[in-house]
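Below is one structure. I have some questions about it.
Chain nomenclature is as follows: A, B, C and D, assigned in order of appearance, with residue numbering initiated at 1 for each chain independently.
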Amino acid sequence: MKIPVAILGGTGSVGQRLVGELGEHPWFEITELCASDKSAGKTYAEATHWILSTPIPDSVCSKQVLPCSLPVKAKIVFSALSSSVAGPIEEEFASAGHIVISMAKNNRMRADVPMLIPEVNPEHLNLTRLQKYPSGGMIITKPNCSVIGLAMALAPLEARFGIESVNVVTMQSTSGAGYPGVPSLALFDNIIPYIEDEEEKLEMELGKIFGTFSDSGVIPHRMTVSATCTRVPVTEGHLEIASVKFRNKATLADVKDAWRNFGQPKFLEGLPHAPVRPIIYSDDVAFPQPRLHRDYEKGMAVTIGRLRECSLFDFKFALLSHNTLRGAAGGAVLIAEMLAKSQFKASQFCCQGCVREESTRSV
Amino acid sequence: MKIPVAILGGTGSVGQRLVGELGEHPWFEITELCASDKSAGKTYAEATHWILSTPIPDSVCSKQVLPCSLPVKAKIVFSALSSSVAGPIEEEFASAGHIVISMAKNNRMRADVPMLIPEVNPEHLNLTRLQKYPSGGMIITKPNCSVIGLAMALAPLEARFGIESVNVVTMQSTSGAGYPGVPSLALFDNIIPYIEDEEEKLEMELGKIFGTFSDSGVIPHRMTVSATCTRVPVTEGHLEIASVKFRNKATLADVKDAWRNFGQPKFLEGLPHAPVRPIIYSDDVAFPQPRLHRDYEKGMAVTIGRLRECSLFDFKFALLSHNTLRGAAGGAVLIAEMLAKSQFKASQFCCQGCVREESTRSV
Amino acid sequence: MKIPVAILGGTGSVGQRLVGELGEHPWFEITELCASDKSAGKTYAEATHWILSTPIPDSVCSKQVLPCSLPVKAKIVFSALSSSVAGPIEEEFASAGHIVISMAKNNRMRADVPMLIPEVNPEHLNLTRLQKYPSGGMIITKPNCSVIGLAMALAPLEARFGIESVNVVTMQSTSGAGYPGVPSLALFDNIIPYIEDEEEKLEMELGKIFGTFSDSGVIPHRMTVSATCTRVPVTEGHLEIASVKFRNKATLADVKDAWRNFGQPKFLEGLPHAPVRPIIYSDDVAFPQPRLHRDYEKGMAVTIGRLRECSLFDFKFALLSHNTLRGAAGGAVLIAEMLAKSQFKASQFCCQGCVREESTRSV
Amino acid sequence: MKIPVAILGGTGSVGQRLVGELGEHPWFEITELCASDKSAGKTYAEATHWILSTPIPDSVCSKQVLPCSLPVKAKIVFSALSSSVAGPIEEEFASAGHIVISMAKNNRMRADVPMLIPEVNPEHLNLTRLQKYPSGGMIITKPNCSVIGLAMALAPLEARFGIESVNVVTMQSTSGAGYPGVPSLALFDNIIPYIEDEEEKLEMELGKIFGTFSDSGVIPHRMTVSATCTRVPVTEGHLEIASVKFRNKATLADVKDAWRNFGQPKFLEGLPHAPVRPIIYSDDVAFPQPRLHRDYEKGMAVTIGRLRECSLFDFKFALLSHNTLRGAAGGAVLIAEMLAKSQFKASQFCCQGCVREESTRSV
């Protein structure tokens, strides 16, 4: 018996990735696919302009699309809604007792909402105790797709050396803009050195992710972040050039060591979407590259390369993550898998101790 | 009567750009086209795998390609030679009394060789006085294509505020790698976060360009530069994201003002390749973009946008320059035009005074 | 004193090309720029998401955009309207006495409307005599962008050998779909083997273009045409692979001869947009290529290569034309220039004789 | 115990695909990796500029590369050698008793060498009986990558309706040119309407593939084929536009029926690389597309769409196949799997009867 899940916004580009990851999932079963009113009533295949390179899973192909409204039966509800509508709909579902795992930006910075990367800040799940929804309803978010890879690359460095400041220049793929997103005429043979609101998200979300959990919310981390975000003619995979300054001394070898020892935490063992190696560092010249390395660990790893000392910061390096897998649908499914493993008992993952204990990494 | 010029390495990708810029030049006439021994003896059209989007100029189409050896008749000799052979050949031509204007890297860092951007460091021409070639022979170089745009963007800022440090991430087009250069399979849907030796050039050449001329050579500028260079799927135009720290205080308005007042210097007036506006700044969101803005001022302008204050440096911005025009062939032709205007009298441009006087900008 | 012209739909992608071609035109002056109601009232620069690689011409930058409604003062009105609205608006302007030169498909197949390529079927202008608009009002169209290049390539072959049938496979650039047009995510690393309605247009319009003018309309040519249209990841330039069967015998040399002798007709001499060589044939292997050859003759030439005998038809070859210049804005401006040269006297170009006489080509 | 196989030319782009397909193969084990003398002696990881998007399989990463010379231990030897050297080396290995499965063109048209597509012409394996190598040595080839997809699309049509003629225009991906292959500067924003020797291969190889096996060799099929081959900016997947004329009458429904019934033949059941659906036809508009559909059935299916009646031929359609999987490495591995299933007994697959019997398809 699989666990039923619903998807809100299932026909859009991120919704399709969710369908792709969940359509043949060993634990979950998509029981309800919800989308805009103009899609409702059609079969999923009719309603969707499918843009993935794998066929629509048989399990959802002829399923009827529902409107994005209550009631739905599944306890777990993934939200791939557009930020123009996500806010109130997610509230509504949480209020009805659903566990909403959202990819939209609307609720990310709310004081009582965790913005979760399981390998990085699992204890933030406890924030949901501050939420006052009935029947175990809650909202959990994941960070922006440009933030996740960087946060994962920084996590072991923060733990060991303390991050003081980060300068980052991103080269983000066009799938990050959704569909239809950026016109081809605007991006062939071109780069657009601007993505609306993206730099602000990068600078703000990192502080919350690395913030300290307390009973009244997360106390943000004080690292200084300066970001420039660009859109490049690449289909999938955000490449980022980061420069970091630490609070404590570190050598090149220390940094590589930190990354190489950042293994899969115990509480993620056996989860279908948990990468065995969340970070893959290589000394190879010209590593990582979007087309070659975005699919490592089924798109759930962050690949890192080009670590050098920096004359202005301490170190600089290049990192890559798959923006619609690790950075969106895959990251959301991983959260659901983590919840499922703990049997969806709030008390379970709301108990700081047990998570902390588990978060000792098993390398 | 046009001034005869010779081209060394005329069949390669930069050589072709030179031919494109010189083939119908109002002042110059290509009298001799030299290339490798396997091309010598063929007509230029036969010897060249032409890759420009304008036809081969009629004036050179059926001209016979010569070997890269003395004698050539033209006083001015452009070198678009590969760095694997450029060094000794350029020496040989200078020793025979030719004015060699080189795009190769070989002689750039030599203490007695100017690395020239006419709008930025014209007084460095005086370095040629230190060269000991007979009959007015000399070698003049231009900087690496990734450096020129950045140096031009920094020039008015250095003049007004003093540059203390620069962090730069480049996104360089594939034409910068020459032909055949980067395989299509390596760059479609991809970015390569590494270009051999490029970061070193960027970090080193800026110091010389902004260095102070003295009778014994250039005293390098002490700005700290940290660079990461990447190759992107774009045909022409290097986009760069720069962060700068000044020695003196400046406001956003001051910086824009500095760029907007960086006009054409008097001594470049009327030169066919001198842009009327060497720097074009725009507050438009998403400016500049390679495909849209690389051809501004016939590819000789540097376009700049996205100026913001930076939490880590003072300011950050994006800049773009056409790498095979402003960054290579166009930049070299501009040097030749500058020499031609001064009637090729060494005494003329070797007299510091007159250049300095002229370099008062006429905005 | 320049001739005033108005543009309907001036902010879209084809409208921008028109502005690009007319903004500094030696004969014409854009006096009125009309667009949708949401653009009306803004300056052209504000209303337009400019996507050309040359700056907005100074002459229109701060001009106020008007709604697409009467009255306008200019006699000549270019229509770059979307086909969803073009029909009735073009009627309205013609009824008010304007000469409407349209790039929209709406009126192309009307029995009394010429679908004009000046080098191919100038006598079709006489169709306008059948139109019953007052005060010299009339509608003139140009064919679909995928048709123009092919029609020009076929014109001298039809004249000499008679076309019996044509098979054509097109590889059309993304600018042909307008802006925003095809999403980048749909076209990076991809080809879409379908363009709505395009094959039908190709098969139908050729018949009218090569049809015979008679007093009651055009008697369509009976050539059989079979087309497959695809969208490729190219910014500008439609490449087409054509196979043709003639009614009369021809050799390879005959065909090349026909193309090489297809010069500029006398009545187009001196027109700013009339290419001196409307057809450029080359025996070079790998000719023509979109990026290299689309701009030949300022984007107004059709380039042809790869002529071979065909085991199924008589001959096959590849042809290329710039779809937004020769295939749209440039083609429309050329029609206006042709009218201007004849001083806009309907009697002038409505007199078959004079046009016929002139259409003897001056090679 | 896995079956040992050797790879000749294992470091090139096709060789890498072989390594990718064989590195974790359930039946085969790469025991010997041979390459050029300059690679020999290095580990495979050192010798190879790896360009696949999956990591180098652990099983070969540190294996030492051998020279392409005898002896090797594995009976089965895959040749991914360049055609400049493949001929004599393949001869040498066959003469030493190896079963050489070659992707090179050199031996394809030899009268005694099968050019095999297991689903299309399995009985051609019997040609190997004409080869006179000792100890069961033999050479088997697969067709050119542009031919395989077309041949598979035509196979059920030939069987039912008889092919009289085929016109085909290909749009071939850059991986088909190997590595480094086509320069990025030559193919960004561009199409090259020519591939050396490719049209000739297409026109010639189809005749052999569909030829009739006889004791003295294959009697070629007499279909008339006319091909134009182009190179497009796509990483993987050859898209082809075909028009066909049949000897017998057929309706649209008949053709679709033929494709839909072209199932997996019995003798391929259970083979790891045998697609369950070798042909996937869809009526969806805009099917197939390289990026979306090339990976169907792990890159071993041919996807077909856009079937329409044709005014010049009987029908036209679009087809797609993955050129380095189905069209090269995957196709070769499938041949080896077919041999392995028959236990490599020449007598087994050299007995016409048994193959014929088996080739009755199990739909």
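Here is the rule we go by: a residue touches a chain if its C-beta (ideal position, glycine included) is under 8 Å from a C-beta of that chain, and two chains touch if they have at least 3 such contacts.
Note that this is a predicted model, so its numbers are computed, not measured.
Undergrad: Let me check something: if the centre of a chain is the mean of its CA atoms, which chain is farthest from chain C?
TA: Taking each chain's C-alpha mean as its centre, the farthest from chain C is A.
Undergrad: Determine the centre-to-centre distance between chain B and chain D, using the mean Cα coordinates as centres, and give it in whole Å.
TA: 49
Undergrad: Need the CA-centroid distance for the pair chain A / chain D, whole Å please.
TA: It comes to 40 Å between the two C-alpha centres.
Undergrad: How many angstrom lie between the centres of chain A and chain B, each centre taken as the mean Cα position?
TA: Each chain's C-alpha centroid was found; their separation is 43 Å.
Undergrad: Note the residues in chain C that touch 2 or more other chains, in rising order.
TA: Within chain C, the residues that touch at least two other chains are 51, 188-189, 233-235, 291-292.
Undergrad: Considering only which chains touch which, how would you classify the arrangement: line, ring, star, complete or other?
TA: Contact map by chain: complete.
Undergrad: Applying the document's contact rule, which stretches of chain D touch chain C when the two form their complex?
TA: Residues 165, 167, 169, 171, 188-194, 203, 224-226, 228, 230, 232-235, 239, 241, 243, 285-292, 305-306, 310-313, 316, 318 of chain D touch chain C in their complex.
Undergrad: Residues of chain D touching chain A in their complex?
TA: So the residues of chain D touching chain A come out as 51-55, 188-189, 235, 291-296.
Undergrad: Within their complex, state which residues of chain D touch chain B.
TA: Where chain D meets chain B, its residues are 13, 51, 174-175, 177, 179-189, 233-235.
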